[in-house]
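Both complexes below contain chain A, partnered by chain B and then by chain C.
Right after this comes the complex of A and B.
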């Protein structure tokens, strides 16, 4: 009863905030709506007893990824007049894509695959089941190869990002930190005989 | 479950929340007082000693003054976010306390088993604290952006990059603790450190303790890392704030500072256990709060002692010193656990995990 209430609360707020992301004019507001949407998704995970995934969703997406999003969005200069240019020209194509997607979603929702009968009720895990431990066991035994490949891809992306942005500029002035730290008063001051 | 039961449960929850939130609010108020007195003592002057006996009513007088002041909202500010930003900073600092275990009690023998004195005894308690306390970044970021001023914007950028950088080092320091304890439950982490100070994680993880505490200092923007509110930026992201809305940011900062002190006591200093098992007759809550108070004193001591870091020095310390150090220590602990011979030594601090 209480659980159902919370489900509708989280699900409803997630849908409302997702609409807010799409419909709000101000990009910062859109990002804030997206953050709120992630929160509600995390709430849904908690209702499924997946507290580890829920917390990780908040920690990674809300705590780290969205901060970077926000950084980028803050720097953007959004000119709506310019964005609206040629709107009529693209309207037919965009409209057709939207219509196709809409029909697809309706068809998928009506197909019965996602009906309550099609998905078994997950039920609740026992109190002593620690899903952090369970996820760890699965990741490091059954799905080890996939996990390692994902880690490798992330490493490549990390190195790639550094390579793309790292360039040594000749005209920039750099500080030698160890020299700065090791400096003594005698290096900077000397007594003048008058 | 009938409606009456639901109502009683909700009532107990509300009481539990009040039992944590009210002392936290008082603690924040009196931390500001302690800060002024301690810094006064260190700098050989009096500190505030006028309002009430020895100045003890000073925080209340300050609070009243701030409430009476006018809150000015700049005309070009984004009003909704300008008003919401201090709350976005304060709320995470307060709800992170939900999982902090303040001790174990049998309620003077009424209950048969010892209950943990926390609102929620989460299996992922450590991650919860990490996740929630990283959210106050949005309050600062929004404050800087919504004020629509150059200074606040630059201040917000600095605050955010500082907080994001030091979170990583803090996270890895916590991972080392998790490797030792084998659990993310704060309660289990404290239990793994039972029996005297030589069982505390302070000893095998001493570098991580330093990294965690100093990063915590940077995370909440305390001196020597308080360059997010320096004079050169006209006090950073809250330049445009006044009155109680301004004070809310300070509340968030002090709340986060107390939380870092509590978490350091729990993760590295044995939580509610006494340093010597002989002293266990003193209630655990007293020990936990005592350790926390000492760490808060260290924060204040830092403020009175160290000059401020420069921005590039701050970034260098976070990314080039702390991050490699935590990664190396992670490998050291990991290798030690799985090396025959060495594992016997390290398993001394891992009761019930490494066996």
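Right after this comes the complex of A and C.
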């Protein structure tokens, strides 16, 4: 009973905060709502005994990704009122597509395949299991190939980010530390015959 | 804590993949130690990597399918053939880049990213599983986003990269959403298990399965630029460095079509009626958009972008046919398209002058008087793309049209025929510029032996396949082993 209460608390707050992300006019507020939404999703994971995923969600998404979001929002002055200008123009078509999609998703979700009766309740089978160890075992055996490809994707992301942002400008003055260290008195000072 | 046993999986089928990954990282490191004028070595090394990977693929490949890494990787004739096409596409694109990119910053990273994109496509071609497929797709896509926006100082390149990135992420989201529905119904990521799971799922699950199908198709259609998911194509093609445009017009399309066929055959066979209906509409739309919009283009890269969309529409006839002939037709089409498209882009890259490439149709006016060889080659590619008989492109269209007619889609074949006549107009218009108009701009050609050899080889291939199409068709039919 207590668990059910917590489920509705977390789930309800997640939905409300997700709506807040979309509807709030202040970008900082939207980011804050998103952080709150992630916290609630983490709570849902804890209820499922998936503590590893819950903690990861808080550490990585809230701790790193959202802080980055915050920086971006603060550093870029984006005029969101201007971005919304074309909205009315696209609303009719976009709205119809969204509505059809929404009905389809509701119908698919309500078709009984994903109902609680269709999926047996695992209870708290995971209570005695160390999530981190089990995920590690799976990751390094069955999902090893996927794990390695993901590592390559990270490398590509790293290389790509550097390629797209790092430019040595010819007109900029750079410090050459080894030249500075190796400088001799003669380089800086010379006697002038009068 | 109990000690965990890590069994070493069978890595032999993955030797080409591991080789390419190692070489990509090696080029990345090597580039740091090369002087500016020797950076081009990275490109030569990348070409060698493609050739060597081809040899390795032929070596480890076998007629029956071999599964490795707990069913997360499969090696069969189908994937081996697709990989060979991908290597050829990448190697030719690298050759086109040798001269084009040497003034840019980050030459080594450029070739590294191309090889990683190739690796992603290889993984896609060998994916028997939604997890492997998605990871391969992302590896490929991430590299191409960066490569499209590589010329950061050129505004349209950055713009194209950003557009491609945002729309590509959206398509990936669609794809994942669709996969999550299929997973929810069947409880598995494995194509074969998903296939049997869907076949045995009751009518209650039908709606969820169809929604999954629609989203998966939308996600994959984006990658092969099938209308109406083609919006990114003209902008990305125009903005990208021309060798990357050539690369994108062939290699990712091969990987996307191969994985699409694998998903349809292995995971969604019980939905064949539904997906054929969807693809029929998409194919007609794609042929219409591609061939009609291409007429209005003045920029040849944009024109070829719409031409790709049209060709993907034709290729879909093979998928719609839904039998061995149709799938073989897709492979034949991609094989021949590889030569036509690469050749045409090679001529465009060769016409590079002072930062402005021969990009407008007007720039081609009078080419035949200055460089009759290039003019002849370009003429051959364009006639072939238009599907004029006894050039490669004719047989490409012939095989998929016949497959579509024999499987009872006569109306589609007729529509395709009409649109290929429309398409012939804008291809032959360029030939008219080349041969019958006076020179309007001063030509300034890049002199590069490897690139000239590319033009010669692709032109000869287009003619040779046009005269002797049977070997290619036979090889492609044999390559279907392991999928059907």
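Simple rule for what comes next: the second predicted complex is superposed on the first by the 160 of 194 C-alpha atoms of A that agree within 3 Å, B and C clash if a C-alpha of one lies under 4 Å from a C-alpha of the other, contacts with A are read in each partner's own complex, and residues count from 1 in each chain.
By definition in this document, a residue touches a chain if its C-beta (ideal position, glycine included) is under 8 Å from a C-beta of that chain, and two chains touch if they have at least 3 such contacts.
Because the structure is predicted, anything quoted here is derived from the model rather than measured.
A.B. asks: Between chain B (first) and chain C (second), which does A:143 come into contact with in this model arrangement: first, second, both, or neither?
C.D. replies: second
A.B. asks: Check the residue A:177 against both partner chains and state whether it touches chain B (first), chain C (second), both, or neither.
C.D. replies: first
A.B. asks: With the two structures laid over each other on chain A, which partner does A:162 touch: chain B (first), chain C (second), both, or neither?
C.D. replies: It touches chain C, and chain B stays clear.
A.B. asks: For A:112, is the partner it touches chain B (first), chain C (second), both, or none of the two (neither)?
C.D. replies: second
A.B. asks: Once the shared chain is lined up, is A:28 touching chain B (first), chain C (second), both, or neither of them?
C.D. replies: Only chain B; A:28 stays clear of chain C.
A.B. asks: Please name the chain, chain B or chain C, that touches the greater number of residues in chain A.
C.D. replies: Counted on chain A, the partner with more touching residues turns out to be C.
A.B. asks: What is the contact status of A:128 with respect to chain B (first) and chain C (second): first, second, both, or neither?
C.D. replies: Once the two structures are laid over each other on A, A:128 reaches no partner at all.
A.B. asks: After overlaying the two complexes on chain A, where does the chain B footprint on chain A coincide with the chain C footprint?
C.D. replies: none
A.B. asks: Name, in rising order, each residue of chain B that touches chain A in their complex.
C.D. replies: That would be residues 1, 6, 78, 81, 122-124, 127-128, 130-132, 134-135, 137-138, 141-142, 145, 153, 157, 160, 164, 167, 184, 312-313, 316 of chain B.
A.B. asks: Could you list, by residue number, the parts of chain A that touch chain C in their complex?
C.D. replies: My answer: residues 104-105, 107-109, 111-114, 133, 136-137, 140-146, 149-150, 152-153, 155-157, 159-160, 162-164, 166-168.
A.B. asks: Spell out the part of chain C that touches chain A in their complex, as residue ranges.
C.D. replies: Within the complex, chain C contacts chain A at residues 1, 4, 6-7, 9, 14, 21, 25, 28, 69-70, 72-73, 105-106, 109-110, 112-113, 116, 119, 123, 131-132, 135-136, 138-139, 142-143, 145-146, 149-150, 152, 161, 181, 184-185, 201, 204-208, 210-211.
A.B. asks: Please name which positions on chain A make contact with chain B in the complex.
C.D. replies: Touching chain B: residues 1-2, 26, 28-29, 32, 35, 51-52, 55-56, 58-59, 62-64, 67, 70-71, 74, 130-132, 175, 177 of chain A.
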